[in-house]
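Below: one structure, written as structure tokens.
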Amino acid sequence: MTDITSDITSDVKPEISPNFHKSAFAEKRLKARYGREMRFRWFGRAAIAMAMGALLWLLVSLVGTGYTAFRQNFMTVDITLEESVLDPTGARDAQALRGANYRKIMQDTLYAQFPDVTERRAKQELFGIVSASGATNQVRQMVFNDPSLVGQTITLTVPTSDQVDQLLKGYIDRDLPEDRRKVTDQQIEWVDTLIERGAIKSKFNLLFFTNPDSSDPELAGIGGAVVGSVMILGIAFILAFPIGVGAAVYLDEFAPQNKFTDFIEININNLAAVPSIVFGLLGLAVFLNFFGMPRSIPLVGGMVLALRVFPTIIIATRASLRSVSPAIVDGALSLGASRVQAVFHQKLPQAGPGILTGSIIGMAQALGETAPLLMIGMVAFVTEVPSSITEPATALPVQIFLWSDKAERAWAERTSAAIMVLLVVLICMNGFAIWLRGKLEKRRS
Amino acid sequence: MNTLSKAPTITRSGDASLENARTKFQCRDVKVHYGDFEALHGINIDIPDRGVTAFIGPSGCGKSTFLRTFNRMNDTITGARVSGEILMDGQDIYAPSLDPVLLRARVGMVFQKPNPFPKSIYDNIAYGPKIHGMTNSKAELDELVEKSLRRAGLWDEVKDRLKLSGTGLSGGQQQRLVIARAIAVSPEVILMDEPASALDPIATAKLEALIEELKQNYCIVIVTHSMAQAARISDKTAFFHLGDLIEYDTTETIFTKPSDSRTEDYISGRTG
Amino acid sequence: MNTLSKAPTITRSGDASLENARTKFQCRDVKVHYGDFEALHGINIDIPDRGVTAFIGPSGCGKSTFLRTFNRMNDTITGARVSGEILMDGQDIYAPSLDPVLLRARVGMVFQKPNPFPKSIYDNIAYGPKIHGMTNSKAELDELVEKSLRRAGLWDEVKDRLKLSGTGLSGGQQQRLVIARAIAVSPEVILMDEPASALDPIATAKLEALIEELKQNYCIVIVTHSMAQAARISDKTAFFHLGDLIEYDTTETIFTKPSDSRTEDYISGRTG
Amino acid sequence: MTNFPVYILALLGLCMIAGFFVNRNTARTRLIAAGGGREGGWHSQASYHGFFTAWGVAIIGLIIFIFGLNVAPDDAGVGFNVAWLAALLAASGAVVIGAQRFIRSDFRARTYVERAILAVLVMLSIIAVLTTFGIVMSLAFESWRFFQKVPLNEFLFGLQWSPQTALRADQAGSSGAFGAVPIFAGTFLIMLVAMLVAGPIGLMIAIYLSEYASPRTRSIVKPAVEILAGIPTVVYGFFALLTVGPTIRNFSESLGFAVPTQSAISAGIVMGIMIVPLISSLSDDVISAVPQSLRDGSLALGATKSETMKKVIFAGALPGIIGAFLLAISRAIGETMIVVMAAGRAANLTANPFEAVTTVTVQIVALLTGDQEFDSAKTLAAFALGLVLFVITLVLNVIALTIVRRYREQYD
Amino acid sequence: GGDTSTPTANTPAANTEVPVQQSGNEIRIVGSSTVYPFSIKVAQEFKNKTGYNVIVESTGSGGGHKLFCDSPKLGTPNVTNSSRRQKASEFGKCMDAGIEGVVEVKIGYDGIVVANAIDSPVIDMSMKDIYLAFAKNVPIDDNCTMGPNPYTRWSEIEDFLPDYRIEAYGPPPTSGTRDAFVEIAMEKGAKEIPCLAEMSKTDKDAFKQAAHIVREDGYWIDSGENDNALVQTLTNTPTAVGVFGYSFLEQNSDKVKGAKVGEAKPTFENIASGAYPVSRSLYFYIKKDHVGQVPGLQEYALEFTSEAASGPGGYLEEIGLVPLPDAERTKYRKAVVDMIPYSQ
């Protein structure tokens, strides 16, 4: 640069002439312009950094609160199944055994661990170490399945209560004054003793994946919600896929160019951008109130979400139909194929992967939808993993919404863990779609 | 303007082999409109059976448009309308009773850019016979595929990779593949719209040799922008200009003593 | 192959007005690669200051590629690499110390398709002077805009609608607008890549008249596919073929007694 | 609901398949006897005669199915079901046998089958219209009832939102103020915060990725941004409630003023993050659609890349970018879960983003989850809000889509 | 449809297998958000003991009654929870819809507490203070001319109350908690003002208007009752108070604390003894017709009313339910065993 300007050294603004660009003035100005260039570039980098930072923040905060939910503290105890408590008549009737007082068995088991505890309040606290519901139910199931166990002593590993679990995971500060935490000093002492004895141990939390929802955080799982989501997605796909592909094929290949076609087209583009809660209102007004279908069932959820995603599938299908060379249809027509044959035999298969990509993205979108499901009553507490599409169920995102609203610390952990599961599935779906698209682009070029 | 189209020249030809040729297509006052635009202004021409007829003319003169009237591919273009009469073997191909789908099986077409289906070579050929139910067994179909590929001079090059994709072939091979595909449905006519324009000289030579052979059995109509090619392979040549058929005669006549000055200007390279 | 490029022919010219012309660009063994593909195989040429130099040659021979080396527009193409030496007024424009931004202000360019910015006519012209900080006041800028438009012969046609969008002009007006835009930053050189190919004959004539006038003050290098145009407007002509400079001489010599048979074949229309 | 109708449907499917095969084989035999398809002069191939039969079975079968559903008594027992099933089987059989009369060389089975396919395709396309129609009707009907109770101008211009009408005869009725201005203001405020976050970031990402980034950077950043687009909004809501809200609160406390956990700012920021990918990918499309010749033109005048970007490309892409922003705004207005979880329900009429506000979608959820009384203005208000929301987003979407589409065509 | 229900399925003891549930025959429960935690706890225990599927939706008491009384058909809610007694109007709806026999079950008590963050200063108040702080209109002179509530800070009501802006997060009008709060705390508070006490005798409607309407000028903010956001808001806004059920306070005793109302603190014992003035009974209602048609329905009610659940020391007490006195427990237990419908 220096040699270009060597002939002109003045710093003042030169006359407009070809020499202008060789002047020191221009050179100096150039520096400032490059400064702006650099700053602009840094804005871009900063924007990317912010977006990536937000993503990272979100993921880190989720994983940070949620990863501990995948492990849980369990207590291993020897339980004596007193016949006098469980089956005073000795009939060994399974159904009666199921309703027996296992709570007392569990209480006695715990009291036996610390025989010197006698006071009523203290006994209650002691029992609070294990998950009352979880432990009793576990014993109940064992006896129900094998009534011959009555009278024997069995060794069982039962979940600890959520408070103890949180304590052991370090979420409850032992140094706080006693009235500021929900675990008493006594309980801490017992738990420490039990750990020393090797009775309480942390293990992988399989229950989280298999259990339905529960009122107790230590027993709550995403099993029911996952099954509900799978059903909803299945129905949405079965309905939305044919509608989406069929409508797209019609609009792209067969529809006459007229006002009505334009109208349909505007409709579809608009539907893809209508807020999802409006679809919930539609479902509420049409499926529940008008057709009188039951609340909370996956069938209705799937139908609402099918309406939600079919425009997305139409748009994706049309894009991929358009990317197929029309020469292929001409080729088929020139062989004496009808237009329907040409489209279905030659064009659709070629557009297949693109359609699939669009559908996967649509389904991923459906998997995360929450608001419409709230409108049709899918916010229920369901004690069972649903087994048919007309049985009440929740969906994973709704379960997340329900849990996120609960105040105890243990729920936050589980909510984050459920989100992690949801995100892994979504990222897999989207990743697969992106991979498919990449493969496709490569094949075309 | 239509110096010659009013009086079809087929019988004026001095070529002995053509004089006895039957007429395949008789076109009477064929006009094509795209919306309000008249792309062809009333063409009268008789295309002989067997042999090669070439359409030449400057870009946009309506060669492709006219070619596509023979198998009603214009039907697929929104806004395109054909009027006048085209008789194929004496039968009006625009008659309402005639199913264009069946017509296209009888009048095959090869396009400017080879357009094999994104399927295996075998399936490319087998597609037509399958939709027309032309074979009764797998063995028959195999035989038909082989025969078609042989006639298109492609068999030896692809016989070991019939399962591979047709789009993986070279341009020249692809063009022969689509010709084989057209032959497989046993058409009577093959229309070709600038079939060599995407090919290199060697592939073009192979294609021309193939056309040379096919003309024994088919009525071939070819659009080409290369004068030399028209001169090499066609028996008769029609020169179009701005939607009119200017001159139609044996290829020799057209290239040696054209009767219209526009034809002469065009073939000598002065216009176009 | 480079019959002439090894010995630049500038001094051999018999044209008096050119003999005293200063050399603007000296190119030594300029090669351009696109990735692995060598588009230019080592070009040696001297472009004179003032006057019009035309590059001709068949499509894909590298004319545009070479033209873009003069203002380093090739820098913007990923994968393009330039080697060899190009001196502008004796200074290496590919020297690391040289800034392409200022170089491009000195070497303007006009493209095949007119590409006015989607802004007003006024802003189209004012854009360059503004980014270079060439004027101190609105009045000065107005004056500069007017002057540039006048020199491009567009002033009278647009002076009443300076605020209207530049994209609303006709093709020929747009092409003159982008020339005015280039002039406004006071370049020393104007490169033109087939500037008339998108224009009708009348617009082309206007453009050629403009070039005729501009060549008094600028070094103009023009790529054209029209032999006639090159013959009409250029002082010197370079013929490229397959990435080589085949022949470079005064336009008269090239068109009347070309020394290479390929040049002759090309200008007589036998190849290309 | 019992599962029997599902079995009937499945059986219908089986009947269709059976009908297809029976008559395809019949046709094939006759075809071969005639000397093969085209040679034998048959219009349609064997499989189309099969399809023709299958369609016939489908139509008759569906009629029987729907008829059966509607006449089924409440205590429909085995007897009814057997009759239903028998009717279906008999009708299918009759169709199959009847269709065999049509297996002739001149019968245009393919034409009919294709017409039926087209008819189905048309119906599928009309579902889109029906959906919109359904939305409009379901919203309009309830809204109309709402506006009989609450005057439109009070709803649109009233400054107080407190949907507390008495739900029962014996409840002390409160005033029940249905002035929607505070909730529109809240919606707008959050949307504004979201756009202030997402607009610049999304746009700069689009610019950087399309003009500056190396293919490698692009291949990493683009999918990562797409992940942001794929995260369900309930997750964003949780993030806002549990992480962003408290962070902002702690930060503001350290500065000496108090921002509630649920505030317009935290909901807006998180919504902004959610919208970034929408803006960046739409703007990316738009910027890439600006022809290279404009970039070349600017660079050839000695402009730097950023000058080219800011003064030429941006000017060219502006309509498209406006379209993208409008779509993003419509998305922000309709977004539900984030605001439900992070914005609060207090209908404050404020322009201060550090306060809690409520939005249209929050109110819809609040009014419709739980207590519903379909003749009380309180419940109907949800539909009126839904209608307004639908109309606003409809207008925004149509404008945006038109701009974007026209813009794309401009350079085609 | 109910065509598949088997008569044997409602006697679980006869069946050693887990009963097969037909869709549409699961037990559907709607209603109060206050009762919801108890209800799902019982549902879960019940499911474990018997295998029956129970679905509980929290719709608020008002919403629950509405859904419940809509239709007698199977598939509609079998049970509705309520944090107040069913209103005459609601009962009338049930009857009009053709529901033959609604069994009322009272399950226990719950206090309504005014609470704030555990670190904030105590705001002990009288019911009159509550009335003056939250009513829409209050007397502006001794003759009970009513005017818009002028109080913006606690200290304006009583000098010893803190000088905080009044800011209360409380239940929305659809909730039974709100009804109970209005009918107990505000009404009693109003009656502590002489002229209003007078009015309550002479002009009932005017008194209702004066006492039952909660202010809408931003000092009372409708919010959810059992949610994370409420606890967060209270912990982060030391000056704010929340109004919700005692059970929720109990669950979050590490973060919020209840204020004294009148003389008593909201503790388990004080609510049980009635010393804490603002408490109400919790109920659920069953459709009698559905018993026998919906397998497990009666058993669910039996589980709820069992000593192990809602008795003293039962598992519901652990999550904050205050048990009924012995006599009442026996009475409602009997109502469930014999399915005795109630009338208003």
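To keep things simple, chains are lettered A, B, C, D and E as they appear, and every chain counts its residues starting from 1.
The working rule: contacts are C-beta pairs under 8 Å (C-beta built on N, C-alpha and C of every residue); 3 or more make two chains touch, one makes a residue touch a chain.
A quick note: this is a predicted structure, and the numbers were derived from the prediction, not measured.
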item	value
Partner chains that subunit A and subunit C have in common	D
Shared interface partners, meaning chains that touch subunit A and subunit E	D
Fitting subunit B to subunit C on CA atoms, where both chains share a sequence, rotation angle to nearest 5 degrees	175
Middle chain, criterion being Cα centroid separation	D
Of all other chains, the one whose Cα centre sits farthest from subunit D	C
Highest-count interface - the chain pair sharing the most C-beta contacts	A-D
Subunit D and subunit E, separation of their C-alpha mean positions in angstrom	38
Centre distance in Å when subunit C and subunit E are each reduced to the mean of their C-alpha atoms	86
Between subunit C and subunit B, distance of the C-alpha-averaged centres to the nearest whole Å	44
Distance between chain centroids, defined by C-alpha means - subunit C, subunit D (Å)	53
Junction residues of subunit E - those touching two or more other chains	23-24, 58, 224, 228-229
In subunit C, residues with contacts to at least two other chains	101-102, 105-106, 131-132, 185
Subunit A, residues touching no fewer than two other chains	21, 33, 294, 338-339, 379, 388, 390, 404
Pairs of chains satisfying the touch condition	A-B, A-C, A-D, A-E, B-D, C-D, D-E
Of all residues in subunit C, those that touch subunit A in their complex	91, 97-99, 101-102, 105-106, 129, 131-136, 144, 185-188
For the subunit D and subunit A complex, residues of the former touching the latter	1, 3, 110, 114, 117-118, 120-122, 124-129, 131-132, 134-135, 138-139, 141-142, 200-205, 207-209, 212, 221, 223-228, 230-239, 241-243, 273, 276-277, 280, 302, 304-307, 309-310, 327, 330-331, 333-337, 340-341, 361, 364-365, 368-369, 374, 382-383, 386, 389-390, 393-394, 397-398, 401
Subunit A residues within the subunit B interface of the complex	256-257, 325, 327-328, 330-339, 341, 345-346, 349-350
Of all residues in subunit A, those that touch subunit C in their complex	1-4, 13, 16-18, 20-22, 25-27, 29-30, 33
Partner subunit B, residues of subunit D touching it in the complex	31-32, 36-39, 42-43, 45-46
